[in-house]
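I am attaching a structure below and will ask some questions about it afterwards.
Chain nomenclature is as follows: A, B and C, assigned in order of appearance, with residue numbering initiated at 1 for each chain independently.
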Amino acid sequence: MQDTIIQLEGIGKSFKVAKRSAGLVQAAKALLVRDYNVVEALKDISFSIGKGEIVGYIGPNGAGKSTTIKVMSGILVPDEGSCQIMGYTPWTDRVTYVKNIGVVFGQRSQLWWDVPVIDSYELLKDIYKIPRQMYEDNLRMLSETLDLAEFIRTPVRQLSLGQRMRCEIAASLLHSPSLLFLDEPTIGLDAVSKLAVRQFIKTINKEQGVTVILTTHDMADIEALADRILMIGKGTLLYDGSLEQLRGRFGVQEKESLDEMIVQLYKEHQI
Amino acid sequence: MRLYFKYVSILFKSQLQYRASFWLLSFGQFLVPFTVFAGLYFMFERFGQLQGWTFFEAALCFGIIHMAFSLSECFARGFDAFSGLVRRGEFDRLLVRPRSTVLQVLGSQFEFTRVGRMLQSAIVLGWALYSLPVEWNTAKVTTLILMIVGGVFIFAGIYILMATLCFWTIQGLEIANILTDGGREMAQYPLNIYERWVKIFFTYVIPFGCVNYLPLLYILGKQDGNEWFYMLLPLAGILFLLPCLAIWHIGVRHYRSTGS
Amino acid sequence: MRAYVSVWKLRFINGMQYRAAAIAGALTQLFFGFVFIMIYMAFYSHSSGQPPMSLKEVITYVWLQQIFLSFIMLWFRDNEIFDLITSGNIAYELCRPIGVYPLWFAKLLAQRVTSAVLRSIPILIVVFFLPEPYRMAWPPDLPTLFLFVASLLLGLLVIVAVSMLIYISVFWTLSPTGSTLMISVAGEFFAGMIVPVPLMPDWLQKFTYALPFRWTVDFPFRVYSGHIPQTEALWGMIIQICWLCLLIGFGYASLRRALRQVVIQGG
């Protein structure tokens, strides 16, 4: 058994969502009193992840994927349950904890839009207080494996989406985190960039032993990368195991697409 | 601190990418308070004086508060523009970084075009200082500097308060203008011309009076009472920042428990 | 014509959603009104001689300014139009079977009217019930009120025509913020937003009278308080109409030129 790096126990989180209603009277009332719906985003989520794993975290939109990622990255404080990651509780030791993780939000950029990529990196170096030697080594390694050299001095706004995503991933690895969260890293990328990103994730996982947790809607990502799948729906954990096991359970042929299998699985759980 | 300068330099580079726009905007920023100051000038030209205050005394008042305002807009703009940051969901990004949120938000924006505004305030300030028959000594110069610093802190505090509000709602934030723009417009004239409730509010709640009107009395030799007291009043502006920061941290905690 | 009405309606409903913003805006404007009036009162309290405007007229002027702020602000930003121009998406707008100038005109007009409806009415009610000396005065008689409404609406059209020119200028400058800020600051000053025109020095007044800006603020507001007599007001409205035709004509022509350029460059 590998060392566990992440241990989640009974994590639960609910949100109050203000009811929005049409009509002038209702709207006027809403100014004074708001009606709330309580939405349970996460219900009793428990799992543990070992060092060096690549875990695919899947589920339909609104199932609680990003809430879980937010809890694990220390952004959000859950209502109940405990979470130990590398000996830290993410939401209490935020500043010391986040030095050890890298986060990529696929839909948002952490790079400064108008300046060359390298300037953003220099700033990150100071934010994370990365020692010069380590920064240079990492930068060299990253720009070699991700082919950044040709556009590292170009302002971000002039980069293509694929180039930008490669820069984003590199940015979140400059401080040598041992845990990497990737939230939809391949969204909107063309085939070439997708393959490059996947290849890179594999490489850093193998060579640096970085544990990777990725959410995605692209089942091909999962197939190419993940040793293990966590599936979440309506805030509860529905499946935890390998892709092969899942295939076996459905008795599907290789031919049948993964997407269809997942749809079937969603249907089965009525989500 | 070094990190803050790093932020500043990267933002400077960004803004220089749009050079023409940068200069035009700086010039525009010069013009905005210029027309307001022209208004003040014309009013004095028409009426001669303002309840015992001469034009240059009022100009000093104007210069100090506008200087403080432009500095705060320059440095604390990140909080001023915070609603955009929250709406774009970029605050999450700041939370996964190992630095304090206050520093990161400060570093998220830096408005260099306010240099235009600053220049305008500096000219008014210089003109007023040159024309007023004040005998300058170390104490008075210190007070003057403290007044500007205190003003910057008050504006920054208000920006932080308003930014905190963004954790709950991003609607109706225009009301903040009462405190920032309103405070500025009001404090550019000596506080004694206003009604009691305005005086009380802007002395004890938002202490603009403490960084502008009251110490100005001391500088102009109009105060009655202890000189030291008037001299040290601008420190109230610095103290004002503390509760604002505390409230900010409550806001961050709220954000982290609701994630909205 | 139906198309413009639809654009108009959509904008209106859209704007109505921002109630909290409207309340906040109304409160803010009330506060500013108070501050400005206090400043004027302080100036007037020791004035020697007869100022060209009475204090009561100035107070009315200040309130009108706060109430109709969205009618008279030169700078009322519509990012949609900017984005259209700077991103080159203007091509979509050209695909529609209606003229771009009237379309944008309707849009900008609707924006101001919506904002005014939401913000003005609460302030309008409040200011008539304020304690003296802050209370807003009624116009001297009914015809004056009609003249005021007519001149205010004409002024509104003038200001939309001016702001159209600002938008059109973006075709050439491509950067909305700098140049527009400068025009709006200068324009608002010459409209009498900072100091009422009669309180300006004589040399500046002459200059101001030669520009179109004062017809949007100074003129209707002084018609209201009777500071401008009724016959003079009627003549003024004719001048407003002249300016309006001139500005619209000029705007129309420059937009045509700008669009031709876009078509030639291919976006």
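Quick note on the criterion: a contact is a pair of C-beta atoms (placed from the backbone, for glycine too) under 8 Å apart; a residue touches a chain by one contact, two chains touch by 3 or more.
Keep in mind that what you see is a predicted model, and the values were worked out from it rather than measured.
Engineer: Taking the mean of each chain's Cα atoms, which chain ends up nearest the overall Cα mean?
Structural biologist: Central chain: B.
Engineer: Per the contact rule at the top, check every chain pair and give me the one with the most C-beta pairs in contact.
Structural biologist: B-C
Engineer: Any idea how many Å lie between the Cα centroids of chain A and chain B?
Structural biologist: 40
Engineer: Calculate how many whole Å lie between the centre of chain A and the centre of chain C, each centre taken as the average of the chain's C-alpha atoms.
Structural biologist: Here chain A and chain C have centroids separated by 49 Å.
Engineer: Centroid from C-alpha atoms only, then distance chain B to chain C, rounded to Å. What do you get?
Structural biologist: Chain centroid spacing, chain B to chain C, equals 28 Å.
Engineer: Among the residues of chain C, which ones contact at least 2 other chains?
Structural biologist: If we look for residues of chain C contacting two or more partner chains, we find 20.
Engineer: Which residues of chain B are in contact with two or more other chains?
Structural biologist: Only 18 qualify.
Engineer: When you check chain A against every other chain, which residues touch at least two of them?
Structural biologist: Residue numbers touching two or more other chains: none in chain A.
Engineer: Can you list the chain B residues touching chain C in their complex?
Structural biologist: The touching residues are 18, 20-25, 27-29, 31-32, 35-36, 38-39, 42-43, 45-51, 169, 171-175, 177-178, 182, 185-186, 189, 193-195, 198.
Engineer: What residues on chain A touch chain B, complex-wise?
Structural biologist: Counting only chain A, the residues touching chain B are 15-16, 67, 70, 73-77, 91, 94-96, 98-99, 101, 103, 105, 108, 110, 112-115, 119-120, 122-123, 126-129, 155.
Engineer: Quick one: which bits of chain C touch chain B in the complex? Just the residue numbers, please.
Structural biologist: For this pair, the touching residues of chain C are 18, 20-21, 23-25, 27-28, 31-32, 34-36, 38-39, 41-48, 51, 175, 177-179, 181-182, 185-186, 188-189, 194-195, 199-201, 204.
Engineer: Help me check something: in the complex, which residues belonging to chain B touch chain A?
Structural biologist: Listed in rising order, the residues are 2-3, 6-7, 10-11, 13-15, 17-18, 88-90, 92-93, 95-100, 104, 253, 256-260.
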